[in-house]
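In the two complexes below, chain A is the common chain; its partner is chain B in one and chain C in the other.
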Partner chain A sequence: MLGFLLFLLGNRVDELRVYQGASIAVFVIAISSLILLTGYSGQVSLGHGALMAIGAYSAAIARNEFKIPVVLTFFIAVLFTAIAGALLGAAAARLSGPYLAGTTLALAIGLPSLANQFEPLGGEQGIPFDVGLPPARLGESFTQYKWFFWIAALAALICMWLLSNILSSRYGRNWRAGRSNEVAAQICGINMSRSKILAFTLSAGIAGLAGALLSMTIGTVSPSAFTLALSFSILTGAVLSGITTLVGTMIGAVILVILPEIADVVAHQIGSSERVTSNLPGFLLGALLIVTVLFVPNGPVEQHHARAAKRAAKKKS
Partner chain B sequence: MQLLNTILIGITAGSIYSLMAIAFVLVWRSTRVINFAQAGMALLSTYFGYEAVTRIGSFWLALPIAMLGGAIIAALVEVTLMRSLVKHASTGPIAAVAPIIATLGLLGLLRAVIAMVWGGQNLVIFPPVSNAGFTVNGEVLVFSPLKLLILSTTLVLMALLSLLFQRTNLGLSLRASAYAPEISHLSGIRVDLIRTLGWALAGAAGAVAGIFQTVNGNGNFSPDSIEFALLLVSGFIAAVIGGLDSLLGAVIGGMFLGVVIAFVLIYINSGLFFIAPFIILLATLFIRPQGIIGVRAGRRA
Partner chain C sequence: MKEINRQILVSVSAVLAVFGLVAQALPAQAAEVGVSSSEIKLGMTVPMTGAASLGYNKIPGAAKAYFDYLNENGGVYGRKIRLIVEDDKYVPTEAVAKTNKLILKDKVMALFAPLGTANNRAVASAVNPAKRGVPVLFLNTGFSGFADLKKYPTHYMVLPSYVMEAKVMGEYIKANFADKKIGLLYQDDDFGVDALAGFKTAGINFAVKVPYASGSQGAAAAAGWITKFKAAEADVVILFAVSSATSAMLGVAAQLKYAPQWMLGSVGGDAVTIKATGVPAGVLYNAIGFSPVPATTDMKDEYVKLFSDIYAKAVPGSAFDLNVLLGMNSAFMTAQALKAAGPNPTRKSLMAAIDSKGATFANAALVPAGYSKTSHVGLTGYWVGKFSPTGDLSPIGGTYVTYTTDSGAGAVVKSTYVRPAMPAKGLPN
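This part shows the complex of A and B:
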């Protein structure tokens, strides 16, 4: 249903919006992966940009070197990143809070630079990732960007559906239990390390998908697309959406993609200099993050629910 | 010869990491929070130093001014941000990650503000003493007066801070407030003031780290300098390696990290510069998760 709506939308808006739509879809996937890991399983990761990079590179290499059909490359991206996530999760299972954050931070900075080390990874300029033109039967007006948007949106929809199922299952409950109180969860028979590693693996796989899709929209895979800033943006988006729930994911993704434009508009209204305008998005994002954590810590959706519940309780009494 | 040079390079870089690590440890010991915005504050302090150097013309005056600036900024942040954080976000699932996210937001904010005020171009701070190596037995060492300055400043700072913590009443209050805030309160210690002081000290240490990192390189810096991101990560890793609770550990961790990275860069492969800290961190956390001087926290039921 939603997919049909998006398709209609995709046909009516111009190129830029369609591209932004694809970016939003990518961010939705990336943010949801972080919500799983941090919001549900309680493990902070500042390095999801690096995981996205792994997905992107594996997809691109699979396509370029092994000529694997496009659809399969995305699955390969998920698989490889999931394996990396399992390894990372095994290392991270003993770490808590700030130690984990710092480790993932170091990963986020260190991993993309590896591209310069190994030949097939293409170095600074990166390697191309071309998903090919849209199938001819979709008609002339179906541009490349619309094709990207379609693929990304479809992936996002499937991903969200799968993820919401997983999160309401036994595994989701295990993660939430572990996050609240590890000792109590263990007493209930939950194997903490296995649960944590599973969360990491899954989260990584999803992030890898997002990375591959991101590279699809850009056309190449290079270290410059997967900076530390990207990792921070995903975390920001997750916090803005409400890190404990999947429902608000769109909010964070939309904010992330639209903010530079809004900042531009604001800056032009108040007629400020180039310096201020180019840095306004960063400023606004940082400020928004702080305000959100202080006043809306569980995200706007949860806040709304909590308030509605309070009101209902008041009515009854 | 190369061995000696490598060690010297490592120790110098390590001293700067140690300074940053000291800042992290100070914040951790006083408020049990990892302040990711430390690098942003160090950057801001560096800009203060730059202003001071260009207006006054003396590096030796600029350094204390930058330290003071760093301390004030840090204190302001503690009073406004951190206290609100404790008030609003200390319960619920977000509690563990809230300080991390808030400090990250602050980092972005600081960076943007700096770029807005000073612009994104490279500015330069010139080192106060020459960076030309000493000559020993006719060969030029990589060690220079500048590196000697950095090393000695680090050691002096560490000594002063340790003295403060171990031998003074203020230091006792600092330590008590971190470990048992309620009891300290009952004993008459102004816990909130102490926490602000801890942050201020950390801000000053970070300022020194930022300025030295700049002059130790080529003197260039800008809001986007990769040096500061590296400083953040390396400082944090150094703090973890040394054990987050110990100032001595911070210094040892920093030196250790610096030397190991130097060895990796020179003897193995210079391209591994960015990934090396990560590997070292993982190795340390596997072998000795509480750090070199850390004390393993007992398991509480």
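This part shows the complex of A and C:
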């Protein structure tokens, strides 16, 4: 049924919207990986852009050097980033708060530029990542962007399904227990460092998938695609979505994708210079972040739930 | 938790559905995308902000200045040219997103002068203008790979390739600095790969080669480069780099009183741009420079004169430099291509016009262009000049001696090209 829905959508909307749809799906995955880490297991990461870069590079190298089928390259991206995440998680489990934020921030700044040091990574201009044309049996009118959208949307749906199941399992409960009160959780017999490393590993794996999908939509993997700004916009997206619940991920993802377009329209309305146009999206995003933190700190979805709960309580009384 | 599960699916499907509603029916197909009865839309991506924007952010203003002048004088067959400019910050992801917007949302007829080797490659593979049949006119990059018709059938180069420039430089070095130690600063991407290939063909051996990553071209890096050139005792240092790297290098060299014989590639060798960053003009004195178009200070040249007059009126207070001249020249060539495409231009007829007549288009360059049905190579050579004490480039010996070559193993030869006279008022005829 989902496939049919995707098929209908892909045919109805024009190509730019299809491309934006693919970008939204990529952001949904990236944001959900951060929500899992921060909202559920209570660890901060400012370096998810770097993890995405690891996923993107491993997928591209697997595809270019070893001619591995496209589907498998995404699994490889998940695997390699998860391994990197496990290593990072082992360090992260000993750190908390600002120290962990600092460590991941350093990673976000340092890691992508490492690519400049190694020839096979293609330096600043990066290496191509081509998932190929859509299968011919899908017909002539099935465009490249529709293909991207299908792959990314499907990956997003699978990811969300998997995540929501994991979060409702023992592991999810362990993470939430640890986030609420670490000591209490340990007394209950939860191995906190193992639990934290597991969260980091899983979150990294998902971020790696998002990275591979992102580079699929731009055709190349290069350090400049995984800037600090990307890490921050994912974090912003997570806060806008409501950091403590997966339900709102769409909100953050949609905002991240359409905000530049809105900014563009606004900038053209007021007829401003290029300098304003290119800085307006960042400004709007920042303003939106402040407003969110001030008025709906847990995100719109949680806010809605809290209100609904209040109303229900009132009715009862 | 079942609840959350359901909510996630509902929210995902809801947004996807809204996404479906946003869909607009495609507008009825006009004669050609981006061409209406009153207007032709062109789109351009260029770094307007960010580290690499230095100098190049003047190109859109320059092109617009010419198009506005053209529009005031009747446009092309009555249609006005509208150039939509998008800032890509010299970042490939941005270039892809902005090009998507230009092609899919703004529905431009053609892309005009998009800048940067890495950006153009990313756009070519992700957006794929070739598959969409969108012409990419007069690229602002000299990477020789874009002349590959099989890979880039709708791309048209205009700048001479970096290979050609390195070959012309190589010939000059062999004739004048044969016994000197040569140092080279180059960008570690295709821009540099092209340069190295050209120097290799010319048979130049370097005492030291210093690569830099685009994005790391500040003053701090420049101090490090100078240490390497000093250690190798380079007599001649070639700066085959973008404006920001060239300016950083010359600025730091001035502070450190490091003064080898400089040789500046055309990409970053525009004196006005360099001086605008605070580099003292004296540093440039006697440096060797290369250019395919006349010196920007040469007001006896009819093209330079007219373009600088138009620019001064359109953008008062902005200095007329090499980026401006090249930007206006590309706009002028685009106008001729659109005119040659006939009263009802299509993407196909536009490209056919350049294939058949592009090599004869009037333009400021002093070297021939290589357009034909089997070649989308742009200009094919350079003249060699020296910078004056005030930092202006002028031809050695007072007259322009131009050299032409190809991006392969062909020899560097003196060009006999005679430039077409400027059409009346600088309008396509």
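Everything below uses one rule, namely that the second predicted complex is superposed on the first by the 308 of 317 C-alpha atoms of A that agree within 3 Å, B and C clash if a C-alpha of one lies under 4 Å from a C-alpha of the other, contacts with A are read in each partner's own complex, and residues count from 1 in each chain.
Methods note: contacts are C-beta pairs under 8 Å (C-beta built on N, C-alpha and C of every residue); 3 or more make two chains touch, one makes a residue touch a chain.
Everything numeric in this text was worked out from a predicted model, so none of it was measured.
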Joint occupancy of chain A by chain B and chain C, clash or fit: fit
Contacts of A:N279 with chain B and chain C, given as first, second, both or neither: both
First, second, both or neither for A:G219, with chain B first and chain C second: second
Which superposed partner A:Y99 touches (first chain B, second chain C, both, neither): first
Which of chain B and chain C A:M160 touches, first, second, both or neither: second
Overlay on shared chain A, then closest C-alpha pair between chain B and chain C (Å): 5
Contacts on chain A seen with chain B and repeated with chain C across the two complexes: 113, 116, 275, 278-279
Chain A - residues contacting chain C, complex: 5-6, 8-9, 12-17, 19, 21, 24, 28, 113, 116, 123-126, 128, 130, 144, 153, 156-157, 160-161, 164-165, 167-168, 172, 217-220, 222-225, 227, 245-248, 250, 254, 260-261, 264, 274-275, 277-279
Chain C - residues contacting chain A, complex: 1-2, 4-5, 7-9, 11-16, 19-20, 22-24, 26, 48-49, 57, 60, 85, 87, 89-93, 96-97, 100-101, 104-105, 117-118, 121-122, 125-126, 128, 131, 187-190, 213-216
Contact set on chain B toward chain A in their complex: 28, 34, 36, 81, 84-85, 88-89, 92-94, 96-98, 100-102, 104-113, 115-116, 119-120, 229-230, 232-233, 236-237, 240, 244, 269, 271-279, 281-282, 285-286, 289, 301
Residues of chain A defined as touching chain B within the complex: 38-39, 42, 44, 46, 91, 94-95, 97-99, 101-103, 105-107, 109-114, 116-117, 179-180, 183, 228, 232, 235-236, 239, 243-244, 275-276, 278-283, 285-290, 293-295, 297-298
